[in-house]
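As structure tokens, the structure follows; a few thoughts come after it.
Chain lettering (A, B, C, D, E and F) follows the sequence in which the chains are written, and residue indices restart at 1 in each chain.
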Amino acid sequence: MYQELTKFSAATLHEALGKTGNLPSAIKPIAPGMKVCGRAYTVQTIPGDNKIIHHAYAQAQPGDVLVVSCSGYYEAGYWGDLMSLGAKTRGINGLVIDACVRDADDIEAMGFPVFSRGLCIRGTSSLEGGTLNEPIVIGEVVVHPGDIVVGDRDGVVIIPKDRIEEVIEKATAREAREEWVREQLRQGKTSIEIYGW
Amino acid sequence: MYQELTKFSAATLHEALGKTGNLPSAIKPIAPGMKVCGRAYTVQTIPGDNKIIHHAYAQAQPGDVLVVSCSGYYEAGYWGDLMSLGAKTRGINGLVIDACVRDADDIEAMGFPVFSRGLCIRGTSSLEGGTLNEPIVIGEVVVHPGDIVVGDRDGVVIIPKDRIEEVIEKATAREAREEWVREQLRQGKTSIEIYGW
Amino acid sequence: MYQELTKFSAATLHEALGKTGNLPSAIKPIAPGMKVCGRAYTVQTIPGDNKIIHHAYAQAQPGDVLVVSCSGYYEAGYWGDLMSLGAKTRGINGLVIDACVRDADDIEAMGFPVFSRGLCIRGTSSLEGGTLNEPIVIGEVVVHPGDIVVGDRDGVVIIPKDRIEEVIEKATAREAREEWVREQLRQGKTSIEIYGW
Amino acid sequence: MYQELTKFSAATLHEALGKTGNLPSAIKPIAPGMKVCGRAYTVQTIPGDNKIIHHAYAQAQPGDVLVVSCSGYYEAGYWGDLMSLGAKTRGINGLVIDACVRDADDIEAMGFPVFSRGLCIRGTSSLEGGTLNEPIVIGEVVVHPGDIVVGDRDGVVIIPKDRIEEVIEKATAREAREEWVREQLRQGKTSIEIYGW
Amino acid sequence: MYQELTKFSAATLHEALGKTGNLPSAIKPIAPGMKVCGRAYTVQTIPGDNKIIHHAYAQAQPGDVLVVSCSGYYEAGYWGDLMSLGAKTRGINGLVIDACVRDADDIEAMGFPVFSRGLCIRGTSSLEGGTLNEPIVIGEVVVHPGDIVVGDRDGVVIIPKDRIEEVIEKATAREAREEWVREQLRQGKTSIEIYGW
Amino acid sequence: MYQELTKFSAATLHEALGKTGNLPSAIKPIAPGMKVCGRAYTVQTIPGDNKIIHHAYAQAQPGDVLVVSCSGYYEAGYWGDLMSLGAKTRGINGLVIDACVRDADDIEAMGFPVFSRGLCIRGTSSLEGGTLNEPIVIGEVVVHPGDIVVGDRDGVVIIPKDRIEEVIEKATAREAREEWVREQLRQGKTSIEIYGW
């Protein structure tokens, strides 16, 4: 049912959530046109290490989106073309990571959606540590396993799993209202007049 | 007459102004190829609120460019597709904002030029506050109502309204000089030789 | 011989170097698809001044890549279309600069590869000062004259001139290994299984 | 019972929590020697507005510590001498705020503990908005109403209210262990030897 | 007459100005207890150079405060003990600089008030360039020659020279009002009750 | 012989080095009055881990100063009271770290000089990795084992081990010159007059 969320933009869903759920704006698609939607499979790495992310895509379910916090250490490429291939092959829907990745050309060619703080060639270590599928914090948002992630060019929003229906309803209403506003605007009215401010 | 400024790049106009007028380099077009030119209609919002910007495009004149300071709070989408539609319908030439916007896909499709610090889905409030068409400060530049704004891929420059003629003259001279330098360079001379350093 | 390095991505070369040589991730190509490879001709400017860079491209050899530190002052356009024309005419392979540049449209049209922290219209001065072809520091990397620079969409790596052969060998081995891993991944194995973690 | 927590440093409590609960290190006491301990009364303001904080100290209980998120807008003085006087009079134990405050001299003289990102004279507005005593996020920590806040020169830690006993126990054990290590160190042993690494 | 301004805190004067005039909060006294008040003698340096500041204190009048913008290049020590001695000897009241200084111990011992972004040992050059006693921009404030500068522990405020009387009046009224509020607070009333919110 | 360097300030030594050797200004003493001088024992940690620093103070010689790069991950307390006790007991002269530390009260009481980017309670891991006594890069400076470190309130400077004599000579000359300038300044001359600019 959450697939219906793909009809809406991340911004609209954020509004439908009462202006919550927005990840930091620095997290953006690595290539034009990339969009993502799926159930969050949450990961927390130790700084500069990506072994736990290998475990993550091995254990996540088809349709999941990996959502990864790297404990505030952004300047490394925690993900690349091999991991994208592995994850895609297993049906993972995409990656949202609060840090950098690398191999952007190959990932884009593969059509695997990745949202990150940017691209960085610095390699990671392969130590042990981190958590899988436990609540994590990114920016001002707590992401729980199973929450729905929606990302587009404007940014990424996290929808709590028990609010999906409510959000779809509110987003639908908002879009209808906006369509009506659009009509008024096209006739030359200002938003001040339309909203009666 | 200021329309003649569109013949020059923002960088050239900045040089013609004696290396002044440059807005912070973080303010960039939200889509490739976007350019803007027009009279500044200045706006100052309270942090995180965009109601005054609705007033702004309702009161600005065709040909104006909204130039908006958000009091240093960047992490919100102060502007979106509806406002773009409203502003465009009323003949506004574009938006330059020292903060973020959202709905980039729709705005790009509409062909409404927007220069911002980036894209952010976080919504704004609709309170009262801010100023309209009074001098504002962005980076190291004081923008007065009626100054001319020129923006391209490289950045945005503000030309004081009483210096337009002077700037066009100097920019024209600079371009002529540069064309000559270009010729010398093509012949293999170095700038050290050309400028006699 | 170093031309063989162009067969590898910057990330692969960084790994072949034992995870060293990576410049700060903020330094990126100014246009999609730009790549660079060549011998480093190193430059250190005084803050906000670019005269020494004019000297640099006049003295560098065909095949060189200018690698420029601006002493930590990023917010200026130290390089533009004229310098690109001059450098390209003299066979310079490209520019990597730890600061901003301008005239991106013209530089892109010219096909001269530039890697920078971004675009900025603020002009520079033409004073005396700085160093030519001496070791410089960018981020965590010491760049020596004659080191090899390789840059692509993911970032820039510096290969010490006396490690070229070793790096090519290790990068080649890494790619072979990765090709084999790719095969395993396509069959649905996870990296955990493949690496025997 | 939570008062026993004051026997431990914030760093020790953070370790006893399994290395969690640490607020961003930018949040520090505004004067040397300030320490704070108490139950969190949580507040979320709209950016640049402090009216809700007035409500907070009016409704909080003696012994509470106000813990305030300002939605990422740091550059304002959300709290000053009058509010400190009002809060202190009503038995509030202190303030931890993810933004700036002002009137540091008066607050220090009053002996009211304040932990902030720094001092800023910029005034706030008095609009409506924000939340009282609901969970908030600061840095990587979710703060629930009633959690225990402990702050000292090193920083601030949040202890979930249902883990107080456990934390005291672990912190006590840690201190005992550290006292023993200290003895070994004084005899000239290295930590490598002591820990058997 | 402007000396009367020293009776008020920078925060109070900022409020009396209608919440304007505040310099960025990163600019702070380099030692506890430092305060400054005087007429602004404005200076703009080229990045990383301090020669113009030598000219400034040679030409400023006793009672002036040097207010210096360094064009956004903060990481240098533009001012030190010798300049402090020279300026103090000539009756200059202090320095407010949007960058760093050095020799803090000696300056503190001398009792010459300096407000800066911090301390930095990096030396400056001695080239030509910059402006003297022309309007400059620091943060969101335009500083005109002759404006009054007031700085204390909380920060720095700029009072336009033609608003001194108005500001003193409003600040006096504000303090009286605050004294009355203080009385109410001591009796246990909350600000919500006092302001009738 | 390098002990003679303690007669000079870090800023003076930086000037004597031809304006080189300065570490980033964010690295400062954690308590007023702390100074440090000694031979650099260099350390590079993996991000967020401090085990290698335990090895470092076990292997360094009396009189050494640990100089530590943490690979760009600042937000952790890599050093505390126990390590200070251990290092001090073994005659280590101090610590300069490009990251944060904790237990500032105890360290200050112990009189062990620590220079860091600040204080942070976040704990570190105890994995394997990093380097000991090899060249490292901090900011724009390459630190070699055995170089001399001098730090005071203004900041930290690194003096290459083969330039000590030269630096002492130049610093001595500089101080003599400055003493003479001081005399001139006290007589009311300006630096413009003194330097004959």
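Throughout what follows, a contact is a pair of C-beta atoms (placed from the backbone, for glycine too) under 8 Å apart; a residue touches a chain by one contact, two chains touch by 3 or more.
None of the values given here were measured: they were computed from a predicted structure.
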Shared interface partners, meaning chains that touch chain B and chain F: A, C, D, E
Counterpart interface for B-E, drawn from A-C, D-E or C-F and sharing over half of its contact pairs: C-F
Chain copies touching (chain C, chain F) - same or different residues, decided at half shared: same
Inter-centroid spacing, chain C versus chain B (mean Cα positions, whole Å): 31
Gap in Å, rounded to a whole number, between the CA centres of chain D and chain B: 42
Chain F: positions in contact with at least two other chains: 71-72, 75
All touching chain pairs, where touch follows the definition stated at the start: A-B, A-C, A-D, A-F, B-C, B-D, B-E, C-E, C-F, D-E, D-F, E-F
Residues of chain C defined as touching chain A within the complex: 9-11, 14-15, 19, 22, 24-25, 28, 152-157, 178, 181-182, 185-186, 188-193, 195, 197
Touch list for chain A against partner chain D, complex: 69, 71-72, 137, 139-142
List of chain D residues in touch with chain E within their complex: 51, 54-55, 57-58, 75, 77, 80, 82-83, 85-86, 89-90, 100, 102-105, 118-123, 126
Residue numbers on chain B that touch chain D, as the complex places them: 46-48, 71-73, 75-76, 125, 127, 129
